[in-house]
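Please find the structures below.
In the two complexes that follow, chain A is the common piece, with chain B as its partner first and chain C second.
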Partner chain A sequence: MKRIYLDYNATTPVRPEVLEALLPYYRDQFGNPSSVHWAGRQVSGAVEKAREQVAALLNCSPAEIVFLSCGTEADNMSLKGTVDALGEKGNHIITTAVEHPAVLETCRYLEKTGCKVTYLPVDSDGRLDLADLEKAITAQTVLISVMWANNETGNIYPIEQIGAIAKARGIRFHTDAVQAVGKLEIDVQKANIDLLALSGHKLGAPKGVGVLYVRRGTRLTPFMHGGHQERNRRAGTHNVAGIVGLGKACELAMAERESTCARVKELRDRLEQGIFARIPQVKLNGHPGERLPNTLNVSFAWIEGESLLLNLDMKGIAASSGSACTSGSLEPSHVLGAMCVEVTLAHSSTRFSLGPDTTAEDIDYVLEVLPPIVQRLRDMSPLYNCGKVDACETCDTVKKL
Partner chain B sequence: MYSEKVMDHFSNPRNVGEIENPDGVGEVGNASCGDIMKIFLKVDNNVITDVKFKTFGCGAAIATSSMVTEMAIGKTIEEALQLSNQAVAEALDGLPAQKMHCSNLAADALHEAIKNYRATHP
Partner chain C sequence: MESLAGKRVVVAMSGGVDSSVTAALLKEQGAEVIGLTMQIWDYRNFSAPDGQHFGTCCSLDDVYDARRVAEQLGIPFYVVNFEEEFARQVIDAFCDDYFAGRTPNPCVLCNQKLKFELLLRRAVELEADFLATGHYAQVVHEGERYALRKGVDDSKDQSYFLFTLTQQQMAMVRFPLGGMTKEEVRAHAARFSLRVAEKAESQDICFVPDGDYVRFLEEQRGAGTMDGEIVHVDGRLLARHHGTYRYTIGQRRGLGIAWPEPLFVVGIDAAGKRVIVGEKQHLSVAEFLVDQVNWLIPPPTGPFDADCRIRYRHKEVPSQIRKVDVDTVRVVLREPQAGVTPGQAAVFYRGDEVIGGGWIDVGAHGLRPGRTSSAPAQS
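== the complex of A and B ==
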């Protein structure tokens, strides 16, 4: 059976060049980079080289790069570390209703400890109104945290404009750029970013390594206490192989991002146009234009997302859904909820996220097998052709698609 | 995550569809939780002779709907009322824990259809 992976926003395979670069650091060059002897020295150079590779991609100084375990750790450290370090200034955080749980759940935790958090709303396309942001700022505001791009819809947020607002008001600015790095141009200077989170496994590096960019001079309480690694910013022995791999992945992203993204966008558009041409009553979730080049999130009215994913899986296609059944809770996606997507359509949402290895044949195969699957599930659904079109709220919503 | 039996009933669901002029119809669940099951009954001489279903929901919702139709056909009304959600899940060799409370409603839908049958056939 064909195997087609269209879930690159969940994770990516380690790139061959990255694997080749990192493998020696498991066995031949096994030293601890904090050691003074030959074994440590060999390895500390590799960690510093990776730091330069990451810094080049973000347009910052290598000294501003902190290696840690994952994007979630970087987000946790940014939020908790800021609240702890700036406690005397205030206790108010401004974020959005569509953040990744790594930010949202950290905010919920901080609320329990006495912080105030403003969750900015979004419109039906998932866009922020920056006037809402300006209005939410108070004398107590210590941090603005807005994701660069949304993992579910692919929506891109106006990070440069938000950075300018934060700078003008003297407020620290954090962005979760986990989905953006490798897909968009990232310049922390231009966008006036103080803290930026990225994750290795979203751009062809292995799982278990991430980065927090910390602008020079930013007071931030460490999240991990222990040894003196990372200039006392992050204790714990370095994940050397992971760090080397992440450095290589950043170098590749720097060289290839534009051409890869242009190709991926063409395929994503082919998938999007193909779906809308072949299947009626489909809703695009997210903004048509201001969106990552690789992401397509659509709701197929009348059917539930998990049952669609299982059917696609049986055909070898890996995708993802915002249905409650795949989130482990009873609620469908909080992102689609914030966009006021009608609830059955939220349960129907399906995300295809493409990557550098996606081919036109993959997309054509999906377009061939998807329509009959959707029709079969619709024929099984009590909502489809339910016969009470005028009295039914769902039908009313779907009619407008 | 799902047993082979669940996947079998999910990929080849039994008794999908509607019955014209059914003797009873039952619907449970709601759109907000992501599962809606509708069961149609044909009853002859107090025995369930045909059952069909339509379901909006996840793999577990579709598989339990399919299984309950197989289990109910041929049973008397009283026997069918003894069928529990738990028994349906067991007949499928179990369901993942998080599905037990949300998507395991097929016996409830069957009972609703029987209630409707009794109300319309006094």
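== the complex of A and C ==
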């Protein structure tokens, strides 16, 4: 059976160049970079090289890069570490209703400890109104946290403008850039970012390594206490191979991002147009233009996204219904909920996210396989056959598509 | 065991021994097996006071067990999320029942509303020919129709939980373990080296893993003022109680009444906020009403004899069934039984075959539990 992977927002395969770069660090180069002797020295150089590679991609200084285990850790450290370090100033955080659980759940936890959190709403395209942000700021606000790009819809948020607001009001600014790095141009100076989270496995590096960019001079309580690694910002022996791999992946992204993204966008558009041409009653979730070049989130009215995913998988096509970060189960999307997508449409949402290895043949195969599956599921759907088209709210919503 | 070789079969996998062996046997036969697990309850909702671990039928641990078994068998495996439907169709009904003076049986509802409706639909969507589960019962094709029979292992027979099945469902549902004993199933599990071979039996109600259903009800609906009277069947007021939902027919402990003879709960009058108690002989009931009856075979028009089972693991007793209206019957037991409990199912058998079943409506002393929920006011 064909195997087609269209879930790059969940994770990406390790790129061959990355694997080649990191393998020696599982073999001969086994030292602990904190050791003074030759075995440690061999390796510490590699870690510092990776730090430079990451810094170059973000346009920051290598000293501002903290290696850690994943994007979630970087988000947790940003939020909890800020609240702890700036407690005397205040305890108010502003974020959005569409953040990744790594931010949302951390905020919920912080609320239990006495913090106040404002969750900015979004419109039906998933966009923020920056006037809401301005209004939400108080004297107690210690942090603004807005994701760079949304994992489910691919929506891109106006990070530069938000950074400018944060700077003008003297408030620290954190962004979860896990989905943006490698797909968009990232410049932490231009966007006035104080804290930025990124994850290795979303851009061709292995799982288990991430980065928190911390602007020089930012007071942040460490999350992991222990040794003096990472300039006392993050204790724990370095994941050397992962770090080396991440450095290489950033170097590749720097060189190839523009051309890869142009190609991926063309394929994504081919998929999008193909779906809308072949299947009636489909809704695009997210903003048509301000969106990652690789992401397509659509609702096929009348059917369960869950059923569609299972059927696509049976045909070898890997897609997603949104966030893959649960126990493998499928939960209704809080992102589409915040966008006020009608609930049965939200349940029928499906996310295709493309990557550098996606081919035109892959897309054509999906366009061949998908329409009959959708039609078959619709034929079986009690909603599709509800027959009360004039009196039914769901039918009414769908008719407008 | 009927061969399903070459067929696409969805197996409802719970992570337990029975459903794991079901999947393994079908795979061995040459069926194209797909495993599905229902996630029905978010266990984060459940806060054990001491952080104790509970093993029940569908906990997250069991989802992982099911996934491991599927991996071992090399079959596709999916978790489907039915939390919303479970909360609406099973939990709500469970709470309503208790507050209406009934003692509910959520396993029957879960089978009826989730397994053989939603999960079966998922199976059809996956173009499966059959849905198989690890129940100890048998579906037999007899001429034009399907019959539901007891499982061969008398001590494990689960046909009681399956009386809501329709002909349409039975055409697609198979129970490959129905012809086996638990010992044989365990032997198969060992033969397949299934990790779960030694797993303990699941017990209790899966969403009340510590068995403290009173606390569960209060967490769900809030503890309110539902105090009322505990009265003797002869009418004497004996004590006061803090909510009829805390009592079950046949209950003896926790009444807190000094009395020369042991006292039992023999009736619950939720609307009147009364718990009725009596001595052992008052527990016996000879006649009761059963509603929402599902017939697996068309019943005779006049009164007829059948064996009636009034709870899981109850040995069915000879009875006469009299039709009251389209889906209500009066059951007259040849020998009065203790523990006829409104909210539990009454299932009718002829030999090994299930001919129908429904819900016990009027229990001891003619008390008809309220039809509408009388949940406590939020305090």
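Before moving on, here are some points about what is shown:
Quick note on the criterion: the second predicted complex is superposed on the first by the 390 of 401 C-alpha atoms of A that agree within 3 Å, B and C clash if a C-alpha of one lies under 4 Å from a C-alpha of the other, contacts with A are read in each partner's own complex, and residues count from 1 in each chain.
Just so it is clear, a contact is a pair of C-beta atoms (placed from the backbone, for glycine too) under 8 Å apart; a residue touches a chain by one contact, two chains touch by 3 or more.
None of the values given here were measured: they were computed from a predicted structure.
Of the two partner chains, both chain B and chain C are touched by A:M314. More residues of chain A are touched by B (comparison of chain B with chain C). Of the two partner chains placed around the shared chain by superposition, chain B is the only one that A:W302 touches, whereas chain C remains out of contact.
By the touch criterion defined above, A:M380 lies against chain B and chain C together after alignment on the C-alpha atoms of chain A. In the superposition on chain A, A:V343 contacts chain B only, with no contact to chain C.
Overlap of the chain B and chain C interfaces on chain A: residues 306-307, 310-311, 314, 328, 330, 332, 380.
Across the interface of their complex, chain C is touched by residues 306-307, 310-311, 313-314, 327-332, 376-377, 380 of chain A.
On chain C, the positions that touch chain A within their shared complex are 34, 39, 60, 63, 67, 76, 78-81, 84, 121-122, 124-126. Note for the complex: chain A touches chain B at residues 302-304, 306-307, 310-311, 314, 323-325, 328, 330, 332, 343-344, 347, 379-383, 394.
Interface of chain B with chain A (complex): residues 7, 10-11, 13, 16, 27, 31-38, 54-62, 98-99, 102-103.
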